[in-house]
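Order as written gives the chain letters A, B and C; numbering starts at 1 within each chain.
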Amino acid sequence: MKINNPRIWLWLAAAIVVLNGFFPALWIFMTSIKGEAELTRIPITYWPENPTLQNYVQAFREQPLARYFLNSLVVAGFSTLLCVGVASLAAYALARLHVPRRNLILSLLVGVSMFPVASLMVPLYQIFVELGLRNTYLALILPHAALSLPVATLTLVSFFAGIPRDLESAAMVDGSTRLGALWHVVVPLAAPGVFTAAILAFVNSWDEFLLASTLLPAKAMRTLPVGIQLYQGEYVFPWPLISAALVVALVPVALVIAVFQERVVGGLTQGGVKG
Amino acid sequence: MSERALAIWLLLPAGLLLGFVALYPVVRLIYTSFFQFQLTLGPEGSFIGLANYAAAFEDPRFWNALKNTVLIVLITVPGALLVGLLLALLANLPFRVKWPVRLGLLLPWALPLVFVGLIFQWFFDSQYGVVNDWIMRLGGERQFWLFKPDLAFIAICFTIIWKTSSFVALILLAGLQTIPKELYEAAQVDGASRWQSFWRITLPLLTPAILVAMIFRTITAFQTFDIPYAMTKGGPGNATETLAMYVRVTSIENLNFGYGSALAVLLFLLSMVITVIYLRYIRGADD
Amino acid sequence: MKKLFWLLVAVLVMSTALAQQTRLRVFVGGQQRPDVMRKIFDLYQSRNPGVRVDVEVGGATSDQQQQYLTTVLASRDPSIDVILIDVIRPAQYAAAKWADTLDKYLPSATRQALLQQYLPAYAKANVIGGNLVALPSFADAQFLYYRKDLLEKYGLKPPVTWDEAIKQAQTILAGERNPNLNGIGFMGNISEGTVCSFLLPIWAAGGDVDEGGKLVLTEAQARASLQFWLDLMDKHKVAPPNMAEKAQDTIRQEMQAGRWIFGTLFAYAWNRFQNDADSQVKGKIGVVPLPRFEGGRSASCLGGWQWTISDFSKNKAQAYKLVRFLSSPEVSKILAIDASNLPVFPSLYRDADVLKANPWFADALPVVQAARARPVHPRYPEVADVMRKALNAVLARIKTPDAAAKEVIDGLRAIYR
């Protein structure tokens, strides 16, 4: 895949990926600057007739969106740290060490994610009520970390397994301990993998509704998905208002992830491969 | 420290976390599945052994939901893998500024499932939807996407593939990034075509990542709930009802926890069988 | 030493004061104007200094609240004392023993007198197997909204029977020649509103689903209902061919844009038609009771929300006092004025303050008085699922009314047994 490719193909490729990914998000953005009456026009409209920021004003006025954003950030941030930390250790063992009954452990690990969460809600709720953790961040950080643990661990296993052993051995000869080798050699090399695991865990937590609405129902503790659905009424689903809230909830986070991935992870990988 | 002891210490945190969150709920779920426990008949349950499971095998709604679920798995898992692979390959091209493409890859995954379902319900609306608007602009006929069984199924599978190919692409893109560029350069020196490089270098080195994506795509496909629930509520009739939807209706709406638990356990067993087959191919120290 | 003594006394006094204060936790949905509810609880607190009422605001739809409350109540969690539930839920709450029966606090004579003050249908909806399990908070019902301006233009009076409504719609559609104008809007997607659509023609013809807990619906009645709605699309051409995907609020938005002559919608639509800035139909909408068939009677689908006491509450006696306050005319009036919620007491529909805030309530009274409860059954969600999926499948034209009617009866028989 050389640089001297005809530029047009590169542009076409970019256009396909961007269009595929952006269209619904763009639709949401367009809806967020429309009035409700425009949604049932015949024929349908793409550009807003009278663009307005009123929906954003109203979204912030009706619900404490900033507070929800902060709650989501705390929950998603800490559950991602916990999940990726725990998953890195487990994945290293599963990829690099002789683990007895490895397949059984892998099956148990992924098996947990094969139950519909809805059918586990009652006992889960009981645990957190018994421990007095309901309506604390911990009540959501722990299940969210557990929820993403299987996918994060397996992603990391596949990455750790792909890193040449010689690099690691060389580091250990240099006097690093095994764990030292893990952090200094393996993790940077697996940076795209670690970061992907982190994205998966973060977004899983950021979007999760069922657990969040049950374990953190208090107004001051609501996460974004729980807060956003409150713009609804019994019969009405005000798309313009909800779109505005979705834009506020999604765009900054997605943008930060994408830029971070290019600047930081790209750099790490380059450094790792050269070193 | 022996290797074995180290392995146990490294696995312990994961075991503790999963054990704390999932052990009791899973045990309770399996236990409840052996009970006649339906709150609309009263607050107490009674032990009935495997009767709930026997009832499931005679329940046409269960078989219908099973059929829909398996079809969704068979269509959307390969679909998302193919589209995801294509997107990852495209996104891995040497763009000078990468973040817009990365953002394009990330956005479908970042959009919450429920809202994806609702947005695509709108896209497929026969009157106000973008899809029919384009079809009719191109001279086609108006289609009733959401209430004709086959069309509704297509619309749902399309939406699931759109949403989940992003997840696949994220995992595969990370895999692509770890393939050293030197390998391609060497292959080019040897006179290999681009196509040959793909089959001989990219695909083999990407296999572990593909497997991981496939395992989780399969598991989540068995759990399909939000998208059909938002788009069709399982309709028309029960034409697009999945097992996970039937589990939820049975437990949460109908308060039939015994039967709902048995259905959940059956769903678990089904995805376990498939996944154990995949897991054999995950590489590790023993191979 | 003296200091220590006084400190001890202070602690003692404070702790007894705290112990005397009862804390009640009330669950209300996010769509129920939590701000107005808070105002009402503050009023109660000011009159009952020993009680503190905390509000827990849940999801914004009946379905989402069911999801949460099922988890909380199936866990036997005592943290919620009083719950605001949808009118379709009391039978389920009673069967699951989630709701405390109110009879133990109410002598039966008082109970009779109390229930007679409310709109008649609530007595049926809230008395389960002879036990009173909930008291009404505010009412809701389906209305026939019509375009006053269009009917006047063609010299028509609001319809009393469905046949008149169909003929009027056809006349106006033929006269207006507006391709975007539609005749009679009704709910046909898979939703609770479609259950009401299924029931309306049955009630309008004088039938019902159950009586005294026994299934009385016949296959012929079910078929007639399904055929009726299908005919509006195919035979009478007063509804477009995609009614199977139309949600209630889509019809409301279309009617607000001036594109329906008639609409069977719940009470919320009125304020949107009248007050929304983008409404094309301000001052052009009237409401009447839903039409009947020749020889039948007018009936509307009852909605509304009920206060019930959790059986797991540790403060039931205090909770009961609160529920009596919440279901009193005083609170009903506050809800009517501040939240535009329909009162549950007929007398309030003639109250000057209420009418000043909501003049149209005068027209609403005959409708809510004729409103009927959907089947009261512990397995109501299954009953509803059978009915709405049948109508939806007929409107989607994947089942004939004959086949769907047979499935409705078979499905209901299995539930009623």
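Heads up, the rule we're going with is that contacts are C-beta pairs under 8 Å (C-beta built on N, C-alpha and C of every residue); 3 or more make two chains touch, one makes a residue touch a chain.
By chain, with names taken from UniProt: A, B = Sugar ABC transporter permease; C = ABC transporter-binding protein.
Note that this is a predicted model, so its numbers are computed, not measured.
**Q** Would you pick out the chains that touch subunit B and also touch subunit C?
**A** A
**Q** What chain pair has the highest count of contacting C-beta pairs?
**A** Going pair by pair, the biggest contact count turns up for A-B.
**Q** Using C-alpha centroids, which chain lies at the maximum separation from subunit B?
**A** C
**Q** Where the centres are mean C-alpha positions, what is the separation of subunit B from subunit C, in Å?
**A** One centre to the other, that is 37 Å.
**Q** Please compute the C-alpha centroid of subunit A, do the same for subunit C, then give the distance between them in whole Å.
**A** The answer is 39 Å.
**Q** How many angstrom lie between the CA centroids of subunit A and subunit B, rounded to a whole number?
**A** 16
**Q** Could you tell me which residues belong to subunit A and also touch two or more other chains?
**A** Residue numbers touching two or more other chains: 39-40, 42, 118, 122, 229, 237.
**Q** Pull out every residue in subunit B that's touching 2 or more other chains.
**A** 127, 251-252, 257
**Q** At least two partner chains per residue is the criterion; list those residues in subunit C.
**A** In subunit C, residues 67, 70, 74 touch at least two other chains, as defined above.
**Q** In the complex of these two chains, what residues of subunit B are touching subunit A?
**A** 3-4, 6-7, 10-11, 13-14, 17-18, 20-22, 24-26, 28-29, 87, 90-95, 97-116, 118-120, 122-123, 127-130, 133, 162, 166-167, 170-171, 173-175, 177-178, 180, 184, 188, 194, 205, 208-209, 211-212, 215-216, 219, 222-223, 225, 244, 247-248, 251-252, 257, 260-261, 264, 267-268, 271-272, 275-276, 279-280, 282-286
**Q** Please give the residue numbers of subunit C that touch subunit B in the complex, ascending.
**A** Listed in rising order, the residues are 66-67, 70, 74, 92, 95-98, 189-191, 240-242, 244-245, 378-379, 381-382, 385, 389, 392-393, 395-396, 398-399.
**Q** Under the stated contact criterion, what part of subunit B meets subunit C in this complex?
**A** Going through subunit B, the ones touching subunit C are 39-43, 125-127, 144, 146-149, 232-239, 249, 251-255, 257.
**Q** Okay, in this complex, where on subunit C does subunit A touch?
**A** 29-31, 56-62, 64, 67-68, 70-72, 74-75, 77, 79, 180, 193, 248-250, 252-254, 256-257, 259, 266, 268, 276, 278, 280
**Q** Can you name the residues of subunit A that touch subunit C in the complex?
**A** Residue positions touching the partner: 35-37, 39-40, 42, 118, 121-122, 125-126, 129, 210, 213-214, 217-219, 229-237.
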